[in-house]
Amino acid sequence: MLVSGVDVGSTQTKAVIMTGDLEILGRGLCPTGAKLAEAGQTAFNLALEETEFAEADVAFVVGTGYGRFNIDFGDAQVTEISCHARGAVHLFPNTRSVLDIGGQDTKAIKVTADGQVVDFNMNDKCAAGTGRFLGAASDALELPLGELGPLALTSKNPVKMTTTCTVFAESEILGWLAKGRRIEDVVMGVHHAIATRSVALLRRAGIEPEVTFTGGVTRNTAMVELVSELVGSPVNTNDESHYCGAIGAAFFALDQVLTGAFSERGMPA
Amino acid sequence: MEEELSEIIEECRTAVEDPEYPAVHQWLKANPDGKVLGHFQVYFPEEIAHAAGMLPLKMMGFDSSVQIREADAHIAAFVCSILRTSLEQGLSGRLDFLSMYVTHPICDAARHISGVWTRRFPEMSCQILYLPQNAASPHAPTYLLAEYRRIAGIVEEITGAPISNESLRVSIDVFNENRRLLRELYRIRRETPWQIGLTDSYLLMAAAGAMPRERHNELLGGALPLIRARDNRPQDKLRIVFEGGYCEQPPIEMLSVLQDVAYVVDDDFMIGLRWLTEDVPTSGDPMQNLAVAYLEASSYSPVQRDPRKPKEEMLLKRIHESGAEAAIVAAPKMCEPALEEQVAYDDALTAAGLPHLIVEFEEKTTNFEQARMEIETFAESLLFEFV
Amino acid sequence: METQQVAIRPTLSHAGDTRAASRVLMDDWWKLLGDADAAAQPVANTFVMGSLAEVLNTFDIPMSFPEIAALQTAVKGKSMDYLLAAEDLGYSPDICGYVKVDIGLHATGRNHPLGKYPKPAMVVASNMCNTYIKWAEIWERQYGCPVFVLDLPGWRGTGFEYDSSSETFKNDVKYVEGQIRDLISLAGEVSGKKFDIDKLREILGNVNRMSDLYRSILAMNKNKPAPFNALTEGINYMGVANILRGRREGVEFMETVLTELEERVTHGVGAVPDERFRLLLVGTACYTNFRDFVGMFERWDGIFVASEYMSYAGGGLDRGLNYDLSRPIESLAEQILITAQPSMSGIFFSHEWQAKVAEEYDIDGICYHGVKSCRTTAAGLPDAREWLLNNADVPGLFIQSDLVDSRLWAPAQMRNRIDAFFESLQSRRIQAGV
């Protein structure tokens, strides 16, 4: 018996296929783009291709992420807050705090040992402290997103970003460069601004160890270092962290198959 | 001579800019049983604390030297920087030496300080001083006197030192001296602004709230004759008034942009330190004299309602009395009271034919290119006009 | 085919009475203001907190409530027109939206969607919100009308309780009483009428009665299911409570509300068909997208059984006003301090009040809605939320938008947070084995 979780994020869509024994058989990843429904299907297909099964073998699919409002992909929808909580506790069982820096939203989640959400905090409408802020920096500097982290790590004297607005980020970045500051110091300043605001969200409900860092930004080594530094101890990440939301969604799908929990809980679609 | 002056200014700079409050720690070292009373902007009758042997400390914000780590978790996003920074100072433990914290509900955001501090620091005496918002009411002086007596009672409880008329008179003398020196500093700015730059003048003034007043009197008393004796040559600069610094302060670097471009001949920076505009009499009931002075012989700000002091008229008066030709009307980012005055100021200055520039600032700004360009363009446009 | 069980809602004889009555009363109010404006009769601008309707009504001076008027433009989908008109005049995007809607109304011919928006002949502004005073000064400049500031010294710290024998209390009462006497003189001048203390007595008596009824209405929601939505229906109750404070029609309206609610309770009819989550609203609502906002809670069968708004914007009615009619002016001063003022201070030391309500109304969670427009209600919410979660184990949802500025409404983000909150409440229940 198979279940699937599909996380349609603002920039990337992630999917996993999971067995009843909690084994991840397949993973799919694709850019979300403008066609959300297609992205969901594409990622799901990619994940399925890694297995030897067909779509009909998947008993239940739970959709999560921003895109879940715009598609009827999957059999039920759950917010990515609940999914990241669930996924993080699966990946790192001692997790009590989860930080997900997403493209639109950053979430700080306090969880119980079995992955239930105790409390969560998210950024205000402004996108400072989210992945989009990195995107703005990447645009302003004309550097690929993937190069920002390694470059930041070479910084010796990071600038202090003061803007709290992605709209003004570009002008501040260019302002620092015009002042003769080194590009790595500016990039590190951007990382620092995001990390500080993200960890401030964690503090809203009190940081309880262990802290697990999830989502696409976990692949940015500079950010992982900074978050660890601000939290005061190393945060958990691994290769699966990127898929955490999709994994959590797959767990909710499994709940449904095993116990009919969805109908019982009456989570509205 | 210049060396002596720059030493004084450096001592003031450290007191104002160092987020570890070195001047307070120095005082505590000399007075191991001493107690410190923190008070938030704008005005607090510091004489009352002083008379019981407490060190009054004016809560200021800080520039980018203080990074916000904790405070954002406790205050909504659309609130000014000084509220965050001052709370950050508390949450980071740097203000652990405070025995008492007094706030005045100056604005809707600041009214929450007391609640937040009480929840975070339950052992500290957090008090709200309700200064009259119906300042012209005939009932206000009686009310305010009783409110001062209430605060004095709490100060007495915390220090165990009774506040007598005699001790209060001594304190009023110290503060009268301080206000006299500050008035003198501002007179120099008006009469011979080339003798002291804005940033130095600002540091000399603001340090009053960050160190024992006696020490500040010594420093300022030493500095003024040195400034007077300077042989600087007047430059062809625009004379302007800066309005909008009554609570959150612009970063020093922004002041230096201003002084490059113009003579700032008057301003409202830290207006609480200069709220009382005349000597407070020491004869009779000194507490009553303090209360009456607050209402009857005082400056103005967007956070006090007094129908006898319409803000735009007061600003015009400040401009005329300082011989300024133009004004910068500034507001800290997210500062509702200052932002709400902007249109009235704009209208009044336009009607009076006074050139003015409306700007926003934040104490944590580190990038001044835009501000510099705006201010330079403004000044240039006026200078060319006069040619 | 399965047979579906359909819950049959009993036919209630008083259903809709409140809604009908409030519509008529609100229309009448707008007509009164329009007529006064047309006849160039003096109108007073006043605010929901510290309105001193008792005094204004004694002189029959019609009261305009710019906060309520601004709220109504948002519900009618018109607030942005006025707000942007004010920003065109130079008012900042970062100040109170209510103020800007009002400025926009005055700048564009005073045509409110519900009627003519009158010019103020006088203003009563208390310090319960500092922005009231700044707002009043804008009218003062524009129309040259007298501004009366009611200065109410509030609680001096957390846990502060008025002790009527204390020096502080006596001193505060003296100050407030003096101010009320000043207002009586001013209202006499503006209206050209003589002060009639018996009329004040009658009005105070009506307020006492309204306060009793208002408290009974609030307490109705201790029932399960809760008979009214403290957000949607509560706004109506409160609107009328403010505009008709002290008037006989106000008392009758409160009676109508209570009768309708009592009937709902008797028949076990809740405000939402299948109540599952009982919530307390702290902060205000988002009126530009009011239905969407409420819908995001109702789709989870969530109901606001209590609202902090109904406390502080109820002018002390919720605290139990009990004017001593034998000494009306003195008692007015005292009661304002004892009731309305703590309601306001309750915003800043809100955790104590919230913990109490959470228990009394058996609340599952608190929704903290921070509105950019209103720093008075919103600036300290994150701190209070954290305190309640960690000290009283009441979960809280923190969301932000605005009262009247639709630019701050982000529906996808809003819904995401609300859904996640309900999911977590659901999990809590499952864990608790409920």
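When the chains are written out, they are named A, B and C in that same order, and each has its own residue count from 1.
Keep this in mind: a residue touches a chain if its C-beta (ideal position, glycine included) is under 8 Å from a C-beta of that chain, and two chains touch if they have at least 3 such contacts.
Since the model is a prediction, treat every value here as computed from it, not as a measurement.
Q: If each chain is a node and each touching pair an edge, is that a line, ring, star, complete or other?
A: Contact map by chain: complete.
Q: Could you quickly compare B-C and A-B and let me know which has more C-beta contacts?
A: If we tally the C-beta pairs in contact for B-C and A-B, the bigger total goes to B-C.
Q: CA centre of chain A versus CA centre of chain C: separation in Å?
A: A distance of 40 Å separates the two centres.
Q: Find the geometric centre of each of chain B and chain C from their Cα atoms only, then give the gap between the two centres in Å, rounded to an integer.
A: Using C-alpha averages as centres, the distance is 36 Å.
Q: Report the inter-centroid distance (CA atoms only) between chain A and chain B in whole Å.
A: 45
Q: Which residues belonging to chain B are in contact with no fewer than two other chains?
A: Residue numbers touching two or more other chains: 73, 77.
Q: Give me the residue numbers in chain C that touch at least two other chains, ranges are fine.
A: Touching at least two other chains: 382, 386, 400.
Q: So which bits of chain A are touching at least two other chains?
A: Only 121, 124, 204 qualify.
Q: Of all residues in chain B, which touch chain C in the complex?
A: Residue list for chain B touching chain C: 73-79, 83, 105-109, 111-112, 114-116, 118-120, 125-128, 130, 132-134, 137-140, 142-143, 146-147, 150, 302-303, 305, 307, 311, 331, 333-334, 336-337, 339-344, 346, 358.
Q: Note which residues of chain A are touching chain C in the complex, please.
A: For chain A paired with chain C, touching residues are 66, 69, 78-82, 104-105, 112, 116-122, 124-125, 204-206, 265, 267-268.
Q: Given the complex with chain A, which residues does chain C contribute to the contact?
A: 299-300, 382, 385-386, 389-390, 395-396, 398, 400-401, 408, 410, 412-413, 415-417, 419-421, 423-424, 426-428, 430-431
Q: Could you please specify the touching residues of chain A with respect to chain B in the complex?
A: 121, 124, 126, 159-160, 162, 171-172, 175-176, 178-179, 196-197, 199-201, 203-204, 230
Q: Touching residues of chain C toward chain B in the complex: what are they?
A: Answer in residue numbers: 89-92, 94-96, 99, 127, 129-131, 133-134, 137-138, 140-141, 147, 149-151, 153-158, 167-168, 171-172, 174-175, 178-179, 182, 348-351, 370, 372, 374-376, 378-384, 386-387, 400.
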